[in-house]
Amino acid sequence: MSYNLLKGKKGLIFGALNEHSIAWKVALQAVEQGAQIVLTNTPVSIRMGTIDQLAEQTGAVVIPADATSVADLEKLFDGAMEHFGGKFDFVLHSIGMSPNVRKGRTYDDLDYDFLTKTLDISAISFHKMIQVARQKDALNEWGSIVALSYIAAQRTLYGYNDMADAKALLESIARSFGYIYGREKHVRINTVSQSPTPTTAGSGVLGLNDLMDFADRMSPLGNATAEDCANYVLTLFSDLTRKVTMQNLFHDGGFSSMGMSRRAMQLYGKGLELEYRDISKH
Amino acid sequence: MSYNLLKGKKGLIFGALNEHSIAWKVALQAVEQGAQIVLTNTPVSIRMGTIDQLAEQTGAVVIPADATSVADLEKLFDGAMEHFGGKFDFVLHSIGMSPNVRKGRTYDDLDYDFLTKTLDISAISFHKMIQVARQKDALNEWGSIVALSYIAAQRTLYGYNDMADAKALLESIARSFGYIYGREKHVRINTVSQSPTPTTAGSGVLGLNDLMDFADRMSPLGNATAEDCANYVLTLFSDLTRKVTMQNLFHDGGFSSMGMSRRAMQLYGKGLELEYRDISKH
Amino acid sequence: MSYNLLKGKKGLIFGALNEHSIAWKVALQAVEQGAQIVLTNTPVSIRMGTIDQLAEQTGAVVIPADATSVADLEKLFDGAMEHFGGKFDFVLHSIGMSPNVRKGRTYDDLDYDFLTKTLDISAISFHKMIQVARQKDALNEWGSIVALSYIAAQRTLYGYNDMADAKALLESIARSFGYIYGREKHVRINTVSQSPTPTTAGSGVLGLNDLMDFADRMSPLGNATAEDCANYVLTLFSDLTRKVTMQNLFHDGGFSSMGMSRRAMQLYGKGLELEYRDISKH
Amino acid sequence: MSYNLLKGKKGLIFGALNEHSIAWKVALQAVEQGAQIVLTNTPVSIRMGTIDQLAEQTGAVVIPADATSVADLEKLFDGAMEHFGGKFDFVLHSIGMSPNVRKGRTYDDLDYDFLTKTLDISAISFHKMIQVARQKDALNEWGSIVALSYIAAQRTLYGYNDMADAKALLESIARSFGYIYGREKHVRINTVSQSPTPTTAGSGVLGLNDLMDFADRMSPLGNATAEDCANYVLTLFSDLTRKVTMQNLFHDGGFSSMGMSRRAMQLYGKGLELEYRDISKH
């Protein structure tokens, strides 16, 4: 539903691979709410995905950029400013990848070059894009920058591996840079800690289906979907949330504040029963 | 600016004493965003304040109720449902008062009857209104309940006294009831932890002016005003934040994530200089 | 094993009902570490339990007191000071009870008189004992006060009911009073957030056995036992932790920092399998 | 005072540069409590500092190692095991350095090679040493690993720069690896978030003296010293804290739980007065 909540606003969206991506939904809904957007992704992701289709649907241009490359980011921000005819208002960072996860290196057997890449792609890229934005003075006063995070930054989930550390770093960057960009230009920087979401990016994580079921039964409102997330991100880009900054905002149906729900416990109890039955057979 | 963000929604607002109140601003802006509202306050507060003026401005009715009285709350929710012709969508709790603060009892010399009252008025009233709402099935699916809180719930500020404990209790109630109301009716419950705000309620707190200056210089975006807060609360009442629940959301210009800002430190450094100058004279 | 860690120290211990109580273990081990102690509990608990046996074992006196009664607490602190021949060094608060839980009132149907009692017994009693201690100047400089808490203060566990809110209030009181008692007398105040423990007090909570199994499989080190907890509390009473105050310290085998462990997920996965098997039969 | 708290234990201590270092105090006190230790530092730090003096005092050997080099760490753990004649019990990580801070690069103008180094030295080194320890099975069951951190991991302090992000990463590594090492070998991993301390390492941070004064006046117990910290770390190496893991433990005189103290506010108020006096002159 359109409220024209982002009427007149312009923004740059990283990480829309395909229609399952949260960034994709944000792009669609930002435009529906009156915004103009520029899309970006790495050349590889552009080839693998279907971003051109999104660009067509949203009247956006696509500017390829490797978010770990400052040179690429400089061209990207120049290109976006040229396209918009000046400064713009919001940025979405929806980027994460762990070569350690991809190559099956467990957390107690990390490859440190891979770890450096995990951090560079999933967290430091956020610093780089903000530093470039600020040095080019690319954002309007009271602009809004959002990165997508996950509760693994606070609590360990087996199999999430070095992405947990990357998310902790990402959230710290939001605070550290939020202070500086806020005091100078009133630009706010936040992270949204989203429910586990069946995107292409998430699919490498071990045992994700069971984990998503657990999260869903733990959360009183169930897992937040990619569409839900896009709606929430819109509010953070809007003028109604101008004084929210340096926060990690849980958008997860209540999961982060749950210790144990009855629904999840019922299932766990079944597993327990089965376990004891199996044990008593022996 | 109206986005019709709350078009078709109906809500109940506690605690609009006068035009300085956050609840007052929420009422105004909710109506501007398309909502219908019912206002409520204690009979005493209604006499002391100017709520009738707000009611006129917003086309609202005023139903007096003491939020610590379950009987009053039952009449209030019945009255609101009758007025709206059925269920409604949102509730704002903006209530807090400490007889210990008022009577100058310090935290190491609390009167325990007063403490019971502080907790009843400032926190348990929140449980009571939710319990009544739920027992009367007064809220629509995906309704939204918000209470205003303060960072004293997490960090001690001298002079804030037993209101700190009341806010901690309030935030806990939001989580505890958020689980239950969420799983059953998808009603979400959150608290907004707002910057110190020059309302009538806040005026009893010791040294509030200096504290507000400190908070302002610590926060990269400055203190959030009552208007800012109302804007933010609107997003939480809207359909765009449906999966946010059981959260305490800092709306404070970044204060909660600050350890020390340059601006605040400069002033502190001046005080320090003066102190050492004074000492060296002796 | 005795390190004489509390040699020369004297302390007051609330809440040792029987040999399953954490307070019981703290008493035993404090004495083993060289401390002298005074034991206290309500007259009812003294009758129901076996505290006299503990007193004999530890050479302690027992002074009955209802921790919700300021008059009782005053007599207790006077009695303890008389017994010790002056000020003492540490206090343990291990008290919690919810009439709502006992009477089967669920959180959406609380009896508010019961809630007031839950808060008074489980949280405000902590304020009362500290206020009395301070007004009588009963504690030595760098004394240490500890209360036992539970993670329900931060995260909702179904069935834990209004005890969650009581624990949140308890932890807030530790912070609020920790500031005042710290700045004046260097007395530190902390809460220990302990694993679910099979004590008599915990036995009223719904589905506790399954929950304890879940917590155990979630925690890399397993649930902390009452003995473990006593050991940890000793360190907080010792001179080695003098600068730790106003903290809630998780003593839980890692549970509080876990999102999902492999062990717990394996069991959950079994329950899930069973669920889908049952569904597919229909 | 010796309690023989670490009697029979053996440990490895990183980062004792000179007598101001926290690691230095930990080494001294660990030995006083009955432990045997191995000291390590980078070759450069060994030359710059006075670690040989500490080795003599404590009967320790010094094995040089660059903690960012896995090869060096492997030799170090081999050497320590050889020296101890087998496995050992505890490890202290007290390492941090930011080339960006040293070279005066502000947070909005980071050099990314420097940032990579900051993270590698101050955080990833922690992962590397744990991974090496685990792969060599160097630690006894119920061993204890501690790293020193700072509240900048949670709250932004101007001038602390990319060290804040490094500390956030460090704390995340403690959680992530704490899960794995805990479930397998019951080795616990924690970080201690220490008051600002006048060590050589801290001296590069902008405005540290004023900040330390502020922290001291904010904290009810004042800043924790390096000696205090060493005492606290001993408890974490002892058998009394076996079920504490994956925690970030504030050892800061209460600072982390303070919003504003009267003492700090008095000084701030003086600065404020001066500011207004200056303004009114113009």
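A few notes on this one:
Lettered A, B, C and D in written order, each chain numbered from 1.
As a convention for this text, a residue touches a chain if its C-beta (ideal position, glycine included) is under 8 Å from a C-beta of that chain, and two chains touch if they have at least 3 such contacts.
Everything numeric here is computed off the predicted structure, so don't read it as measured data.
Hopping across touching chains, the smallest step count from subunit B to subunit D is 1.
Any chain bridging subunit B and subunit C, meaning touching each of them, is among A, D; the list is complete. Counting the residue numbers that touch the partner chain, subunit C and subunit D have more than half of them in common. Mean C-alpha position of subunit A lies 31 Å from that of subunit D. Computed from the mean C-alpha positions, the centre of subunit A lies at a distance of 40 Å from the centre of subunit C. For subunit A, the set of residues touching two or more other chains reads 155-156, 158, 175, 178-181, 246, 257-258, 261-262. Touching subunit D in their complex are the following residues of subunit C: 1, 3-5, 175, 178-183, 186, 188, 195, 220-222, 224, 228-229, 231-232, 234-235, 238-247, 249-254, 256-258, 261-263. Contacts from subunit C toward subunit B in the complex involve residues 70, 107-110, 112, 115-116, 119-120, 124, 127-128, 131, 134-135, 153, 155-156, 158, 161-162, 164-165, 167-169, 171-173, 175-181, 246.
Across the complex, subunit B is touched by residues 151-152, 154-160, 207, 210-211, 213-214, 257-262, 264-272, 274-275 of subunit D.
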